[in-house]
Amino acid sequence: MIKVAINGYGTIGKRVADAVAAQPDMEIVGVSKTRPNADAFIAKSRGYPLYIADISKKSAFDKVGISVAGSVDEMLAKADIVIDATPGDVGAKNKPLYEKMGVKAIYQGGEEHEVAGFSFNSDCNYRDAFGRQFARVVSCNTTGLCRIIHAMDKAYGVEKVRAVMVRRGSDPGEIKKGPIDAVVLNPVTIPSHHGPDVQTVLPHIPIVTMAMIVPTTMMHMHAISMDLKKVATREDILTIIEKHPRMGLVRKSTGITSTAELKEYVMDLGRSRSDLWENGIFEDSVAMVGKELYLFQAIHQEADVVVENIDAIRAMIGSVKDPEVSVRMTNEALGFTAI
Amino acid sequence: MIKVAINGYGTIGKRVADAVAAQPDMEIVGVSKTRPNADAFIAKSRGYPLYIADISKKSAFDKVGISVAGSVDEMLAKADIVIDATPGDVGAKNKPLYEKMGVKAIYQGGEEHEVAGFSFNSDCNYRDAFGRQFARVVSCNTTGLCRIIHAMDKAYGVEKVRAVMVRRGSDPGEIKKGPIDAVVLNPVTIPSHHGPDVQTVLPHIPIVTMAMIVPTTMMHMHAISMDLKKVATREDILTIIEKHPRMGLVRKSTGITSTAELKEYVMDLGRSRSDLWENGIFEDSVAMVGKELYLFQAIHQEADVVVENIDAIRAMIGSVKDPEVSVRMTNEALGFTAI
Amino acid sequence: MIKVAINGYGTIGKRVADAVAAQPDMEIVGVSKTRPNADAFIAKSRGYPLYIADISKKSAFDKVGISVAGSVDEMLAKADIVIDATPGDVGAKNKPLYEKMGVKAIYQGGEEHEVAGFSFNSDCNYRDAFGRQFARVVSCNTTGLCRIIHAMDKAYGVEKVRAVMVRRGSDPGEIKKGPIDAVVLNPVTIPSHHGPDVQTVLPHIPIVTMAMIVPTTMMHMHAISMDLKKVATREDILTIIEKHPRMGLVRKSTGITSTAELKEYVMDLGRSRSDLWENGIFEDSVAMVGKELYLFQAIHQEADVVVENIDAIRAMIGSVKDPEVSVRMTNEALGFTAI
Amino acid sequence: MIKVAINGYGTIGKRVADAVAAQPDMEIVGVSKTRPNADAFIAKSRGYPLYIADISKKSAFDKVGISVAGSVDEMLAKADIVIDATPGDVGAKNKPLYEKMGVKAIYQGGEEHEVAGFSFNSDCNYRDAFGRQFARVVSCNTTGLCRIIHAMDKAYGVEKVRAVMVRRGSDPGEIKKGPIDAVVLNPVTIPSHHGPDVQTVLPHIPIVTMAMIVPTTMMHMHAISMDLKKVATREDILTIIEKHPRMGLVRKSTGITSTAELKEYVMDLGRSRSDLWENGIFEDSVAMVGKELYLFQAIHQEADVVVENIDAIRAMIGSVKDPEVSVRMTNEALGFTAI
């Protein structure tokens, strides 16, 4: 059993914790919090040992009836690998600690590529993670782009990618971030940083990305055009998507045309936290114009990287050599159902 | 086993169906749809027999791979009782059919009181439902008001109630309804219709309600003031709420101050569809000023009436005589956890 | 003086009315309403004679103190030209009336091209409108696309256009339309209908458009990529935009990165109804990648077509032969200020 | 001519500047900014001399073509009185400077009462401001409450006030603040701080306030109930509101039921920045239940305090002794039109 610690039990951390706990070859040795709040009560209800960074704050946890198992250092001492799901840029500061403790660590997309020196995606470079101490699972948007671009590149070769990303303003449980009634260019400049981020995983792909933020809480929407090197039919493309374990077709017959309806559907399927771990590619949008492929895909910002973290654990530990095997194990443990 | 049919498998219908299926003394004989869409695929995935109102549309269902068990009439013939969860005002038109088929029927709050002639709330008038053919479970807002008013009335007597209801604009899965950036008085006139609706259950309570709609999808928020007939302490009030099986205290220690954080918390607790079946009363808001009680409560518009429908089934069938027993059975089957 | 009637005094109609009234060579002979409401009080405050389609409803207007000048037929009898700003598809039904009255008519983009048989844009085909009885000013989105595409086509030749359009869900004064928390693909299919609509004005331009709707009320945002036939520098492009009378550069130095800030800026400039009549092109977004031009532009859905209607009047009447002269007259009368 | 400086040219500052410039007895000697941005360009377009707090930042302004007239100290030296419209809590830090320069200063509601030692409302305590060096114009919400409470108190005596305030999440031009899809209790505790704030102006009024924040940008909505000491009819109440120079009736005949429609109406009336300086009281909501008055009022958060600042200037300078005269002067200069 691989012993996994979660440093930072928030939006991503709590999901990875449950996904780890569901795997047959992994167990949670602890999760960490800085303050006692709703998430701490959830960790308690799940039975995850709770560790805190600043042990002097233990009494604040005691006061509300949450027992503290020890310090983050103590948690790391029990772990083979730690998922760093702390807020962006905090992870970089944790690196010396992980080095001192000699624990492997997986960073999230909020950190720079340079912090880990290696950016991971299950489809694209699973084997390159073998034996590494550090890796970074790329952000939700980058993960979603890598999956579809890599699949098309394998099948037809990709000449050029253009992606317009319409991003959610805040996660559903956040209350401070906006905007309320605006489309915000973020950044105004073109290309946005997402293109170069894709290239940390797929360095040979020419890609121009444009990004904006809108007042929604659920899922990013990507409008993608891709120049393919070979001729492909729409049916071929749909078949590739259908067979891919991390891409899901949002069927025309469901009548779903929006992020809201898609979230409702995933909720009704009974998935944990209504999570869409796959790219949600709208069947009816997939179109070929000459050698140019167009499509819309929804990316659930809280969810798609969760499964990549699980695979990254196996790759870095080296316990499963074949990426397809790891992906299958991860998906089955979570109860993937066709969307 | 009580045989239950669900006429209208949408936002409320799909939740009541799952709640019925979870009860030890009930079973689903069928659910109905008018069109094949995402909900129809969900019914199929749950294994609920699917019936359709207009059997001539059967081929549209066949075409997308959803098998149709028969007509709504055939469904009703198999049922002891039907939950009418059709859109507002459609239920009234179904009444002659239910009468013809001799099946008991439970309407939702979108119908007028007069359609059923009896308005139901588990706490307030469970026993009055014994043997009736028709009952109407009052709306989510009215249900939430009845629970807290009745509990206070039993304990202290209620002199007068004032409630300002800040209502969600649409359900999370809807995409057509707004507003996007407005507070809409609905209605402008005071009192709103909600006060008289409370009086269909609690006719002796003087109540003035004011209602508006805001651009959110999750839960209504009630700002309530209640003149009590006897002196009460804040602690007494909190104790009554804590002990009530359908009211939940949103603890100060969770740090939750909004509908969004509350929804996230309920989701993290692992509840089906992140549903909050109880009134979510904010502990830190409960205040006594003289004999006047003030509080905020969140009401999950999709959820709080679901459990009332289950109790109404038992009351109308007469299979469980004690409301407390039915409420306990319902809650346990759904896996109520303290919020 | 050209005598202009406005059939449909709503979001577009009230703006065109004020723009007509501001021109030195035009006058308003009347505006029409179907019901007495806020807009009717505004028409009264402006002193525009108010006509109604159904004269039997006159008493409803009288009752609230709004005097009715007569029927729509009577209004048309006084006019040289009518702006049909009725809701989408109503305009088509008015055509026989306009033919009977022998009055020229300008339709809006909500009508099909075929209703007028000619689709107008001041830059692209002003002279083709001379002498016509009917014309259609293309929609706000199409107008915004035509301006930038035509300008680039004139300067460099345009090989291909890709445009992702992120559309506002409702106008600021609407309260019924959503979505509240969703990105809606509208349509899901690619290309959307906007590309062919651009081709009603610029038939030789290959263009693929993708469209979605988000929960904002202010302005559409276009993410555009254009393959040019000749090499161009970023500076050349900026110069063309700066000199264009209907395109405005949103300067980097203002710090504006969103529709909300842009609307605030236009409001602060003192423009009537905070209207942005130009394409709002974000200076910092303009980028050349090889021969491919990328940029973001904001399109104020209530405003950009207003000025096109004014030019269309002069073109159809034939009173001003040079489009540049008409554009200058229109802009000056409205008090265009550099944004 | 009273010489007025505006320290902080933002949402409130820019509005007060224009209102000052419109008065026959006042002039702007300067406005201040900390950074060159869109507002600085607006100040330039209005011809207001621009001063900056940190003169070392002058080159940043020069670089974008905005000339700087000098430092804030220099601006204050030219002024009889300064409007401190800096962000909340910054004003307190400016007090020693104003004392040193011997300039009168008006703070906004974001500052504590204690900073100025006197909280101002034109209706309630104009004469108490004579000769003071410091005053604080209470916040938009408090101003709106003071107006209606004071008017009712004068006419009938007010026994008790309950107000539920549904507040906008951000101003229209802001893009960082949320929430996007939540009702946020702010604060959760009852009473909120607004009640005590009303009592800084009207210390004898018992008032309990409850406050929440919703995802809109335009106007707060107040749901008010007031126990009157004497019997009143609805018609009496409407007459008092109609005659009040700072309260406006939103007429039933306009069909307006929301903040969005009200903002549109005020925009169409041609008011500067679509500003609603009055309480927008919904005619159709005004109701008497026994001796209890109920009503809804919309409060434009950016606007209602602007006119109070103008009156406060005259009161503190002592140039106009009669509050009714000042209010009339202010209103006429701004072109108040009946809403």
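Here the chain labels run A, B, C and D in written order, and each chain numbers its own residues starting at 1.
Convention: a contact is a pair of C-beta atoms (placed from the backbone, for glycine too) under 8 Å apart; a residue touches a chain by one contact, two chains touch by 3 or more.
Keep in mind it's a predicted model, so treat the numbers as computed, not measured.
Asks: Which chain is most remote from subunit C in terms of Cα centres?
Replies: In terms of C-alpha centroids, the chain at the greatest distance from subunit C is B.
Asks: Pick from C-D, A-D or A-B: which interface has over half of its contact pairs in common with B-C?
Replies: Same contacts by residue number as B-C, out of C-D, A-D or A-B: A-D.
Asks: For subunit A and subunit B, what's the span in angstrom between their mean Cα positions?
Replies: Chain centres of subunit A and subunit B, defined by C-alpha means, are spaced 36 Å apart.
Asks: Could you give the separation in Å between the centres of subunit A and subunit C, each centre being the mean of its C-alpha atoms?
Replies: Centre-to-centre distance between subunit A and subunit C: 42 Å.
Asks: Where the CA atoms of subunit A average out and where those of subunit D average out, how many Å apart are those spots?
Replies: Here the centre of subunit D sits 46 Å away from the centre of subunit A.
Asks: Out of subunit D, which residues touch more than one other chain, so two or more?
Replies: Within subunit D, the residues that touch at least two other chains are 172, 174-175, 179-182, 184, 215-217, 257-258, 260-261.
Asks: Using the touch rule from the top, collect the residues of subunit D that touch subunit B in their complex.
Replies: My answer: residues 162, 164, 166, 179, 181-191, 208, 210, 212, 214-219, 221, 223, 225, 252, 257-261, 282, 284-285, 287, 289, 292, 294-296, 298.
Asks: Can you tell me which positions in subunit C touch subunit B when the two form their complex?
Replies: Residue list for subunit C touching subunit B: 169-170, 172, 174-182, 184, 215-217.
Asks: Mind listing the subunit D positions that touch subunit C in their complex?
Replies: 14, 35-39, 41-42, 45, 64-65, 172-175, 180-181, 217, 253-258, 260-261, 263-265, 267-270, 272-274, 337
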